[in-house]
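Let me begin by handing over the structure; questions about it come next.
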Amino acid sequence: MALLTTEGLTKRFGGLTAVDTLTFAVDAGDLVGIIGPNGAGKTTLFSLLSGFLRPDDGAVVFKGHRISGRPPYRIVDQGLARTFQVVRPFTNMTVVENVATACVSPRARRMSRGRDVWQHAMEIIAAVELEKKARHPVETLPFGDLRRLEIARALATHPELLLLDEPFSGLSISEAAPLETLIGTLAQRGTTILIVEHKLRELMRLVRRVIVMQFGQIIAEGSPAVVAQSPRVVEAYLGGTP
Amino acid sequence: MVDVLILGAINSAVYAMLALGFTLIFGVGRVVNLAHGSFYAMGVYIAYTLVVVLGLPLIVGTTAAVLAVAGIGLAMDRVLIRPLRHSVLAVLIITVVFALFVEQVIFAFYGYTSRNIPSFTTNTLTVLGVTVAGQRAIAFAAGVIALSLVWLLVYRTRFGSAILAVSQDREAATYLGIDVDHVSRTVMVLSAALAAMAGVLVAPVLVVSPQMWVLPLIKSFAVVILGGLGSIPGSLLASVLLGYSETAVSRFVSSTLTELIPLVLILVTLLVRPSGLLGRRIEL
Amino acid sequence: MSRTAPGVAILVALALVPLAVRDRYFLSVFTLANLYAAIAASWDLLSGYTGRENFGHAVFIGTGAYTAALLNTRLHLSPVLGIAAGGGAVVALAILVGVPTLRLRGPYFALATLAVAGIMERLALLLWPLTGGEDGVYGVQPLSLSAPTTYYTTLAFMAIVVLGLYWATRSEWGMVLRAIRANEEACEASGLNVTVYKMGALVLSALPAGLAGGLYAHVQEHVGPAVYSAALSVTVIIMTVIGGIGTIYGAAAGGFLLTALGEVLRGFGPYRLLLFSAILLPVILFWPRGVVVQLAGRLRRG
């Protein structure tokens, strides 16, 4: 049984159909990239999967349970976590407080097996290599570290499926490399990962499977090499007929 | 029934004058000015001072009062609101303390006894078989003219487009070269002037006291919330709704209950549809 | 300098007040100051920590006050039971008000709470057979015939409230509240049921206010519609703003400061509110983060 499936998932905003009867599946252990030109509906898809939006039609099924329409905190409790494209650190708090807040959640507590919130938080922070800055206020963090912090918060809940929304955007090459390594490590440890990304070079290197979206629909699916060759995909990115 | 139609129209015009300025300030500056009712009260008392105490002609006195309040509004914006822009709560608190201050200044000069402002005219009109005090008719006419002028300003002039632009996206407006501060200042002045005008026009037929800033503030809130914070057509529509529902309830049910109407309207709107009838969907 | 030392010193000083102040009137001012400090601290919990500014806090004070007053005068319940019942009523009210309003933010939440308080105030006047209308409820049993005892009761109450709320804000629960204030969606994404936390904050904010209202009824031996007034709600907010939002002790200090200021100005008769507001304007302008908090910060660094 696939870890995550969507069945005919649809979301409309006024006259615009952002996600159009989308159907796909993700198996446990997958490392999948979702790409597509701007406005393809990728972030809307993430919001639908993580409970921040309710679908107008169709369903999202995670580990055999229908999660579409449930509030985000319940979905996180099931083991599905996401990061945001625009980083949302908890301002006026330190790095460790940011992660510790996520460690207070029911799932994080269950998964930490008796360790207290602060210990648990420090372990997660170590996993993303931010230990040196644990007591720093988040306002002092450079952008690359804020991205790590986002991921750390998501990891605090020990998700089985992690949704990363444009994790590489805005990062310099030197910041992107360690992030790539981190994601690779997480995948190796068994976390299923879904990444939305515009930076195709990093993405194609990283993932094993790619889903291409345009206008809310899937226009191609397969290994990075195959998808990169597909004329439909090239056309979608270059804007179609001149 | 017809008298409800006529009176409701007059009330609506007055509420529109009050609420329009309020909604403009919020739309343009995201500022909630709890001293808005004070502009109304100041217009009345300054006019009273100039006309009754100092003996200036009515037209001169009332016009001067409106201009004076506009100036006070500008000063308040500069001195009290501008430095605290970063905190919604600080602006709320300082404007309400300012409103209290104004009330107390008025009280210090004039005490709590009600005053009487002379009407522009003691004639009465008969419209559709209903006798209407001339003052009310003038209030209605002046109100409609003022509102039309504001409408023209906002929707037919370049400056008006600037107002709409800042209201939609403050940052983007700066990229377009719009002087956002200038727009904010002008809107504040306009808002104060409209509120003062409403006061001056309506005062002869109303009770005048230092606490007269509270009720207009609540009504402005009701109109602006119901219509949608930041929406001009919304405020106009809601003014009509509030004006008529109050007049109707007062006439057919009970006048004590009319006090509850604006409050209930605010609550119901916020719970059912916080963006109001015509407002933008607010980011919740 | 340890964090708790100043607090302990202040408590000790406050405990010694009845020894220094013999005048019954002045002691009653201190008694009221205790109640205000507790109320301001309770307001700070919700508004300072979750970023939802409650402009109708008086609705909890008033409900606690009227419940205690009516139960005492009509059903002859003892003050302890009446005040406790007031606390219960306020918790129920908080849940009732919270369910529809907590999803609103910023000025919208402020307005909704203002509207609720305004409606309750009008109702207190309209339902005059029950509430005594403009006059209110007279003949409420005094808390104690001894002024010092009354003072110590309110002091103990205030100390428990302020310490309890302070401790709550330093806990993991308080940390979540601060995170909610910073970014609600990110909290949801971290697996936290934000609604439950907000409701908890509202209830914990309402309870001390309701109990304080009940105490007030038995201290003043009278309750009138002013306990529901917007003026009271705004006064509480001003106390917290002057003292410093988001610290609990700042709010309590603001409560004392403003009560003291009110008393100092009493000698100016009809002009006291004028002076009061005239003094407040520059204070808010120059110390928007709160006089007490900013001063405390400077002392700690200096």
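A, B and C label the chains in the order they appear, each numbered from 1.
Keep this in mind: a contact is a pair of C-beta atoms (placed from the backbone, for glycine too) under 8 Å apart; a residue touches a chain by one contact, two chains touch by 3 or more.
The shown structure was predicted, so the numbers you read here are calculated from the model rather than taken from an experiment.
K.L.:
Select the chain whose centre, defined as the mean of its C-alpha atoms, is least distant from the mean of all protein C-alpha atoms.
P.N.:
Per-chain C-alpha centroids compared to the overall one single out C.
K.L.:
Find the chain most remote from chain B, comparing centres computed as mean CA coordinates.
P.N.:
Result for max centroid distance from chain B is chain A.
K.L.:
I'd like to verify one number: the distance from the centre of chain B to the centre of chain C, where each centre is the average of its C-alpha atoms, in whole angstrom.
P.N.:
Measuring from centre to centre gives 32 Å for this pair.
K.L.:
Taking each chain's centre as the mean position of its Cα atoms, how many Å separate chain A from chain B?
P.N.:
One centre to the other, that is 49 Å.
K.L.:
State, to the nearest whole Å, the distance from the C-alpha centre of chain A to the C-alpha centre of chain C.
P.N.:
44
K.L.:
What part of chain C is in contact with chain A in the complex they form?
P.N.:
172, 175-176, 178-179, 182-183, 185-194
K.L.:
Spell out the part of chain B that touches chain C in their complex, as residue ranges.
P.N.:
32, 79-80, 83-84, 87-90, 92-94, 96-98, 100-101, 104-105, 107-108, 214, 218, 221, 225, 229, 256, 259-260, 263-264, 266-267, 270-271, 274, 282, 284
K.L.:
Where on chain A is chain C touching in the complex?
P.N.:
50-52, 71-73, 76-77, 81-84, 88-93, 97-98, 100-102, 104-108, 117, 153-154, 156-157
K.L.:
Contact residues on chain C for chain B in the complex?
P.N.:
Contacts found on chain C: 47, 53, 55, 100-101, 103-108, 110-112, 114-116, 118-119, 122, 126, 230, 234, 237-238, 241, 245, 270-271, 273-274, 276-278, 280-281, 284-285, 288.
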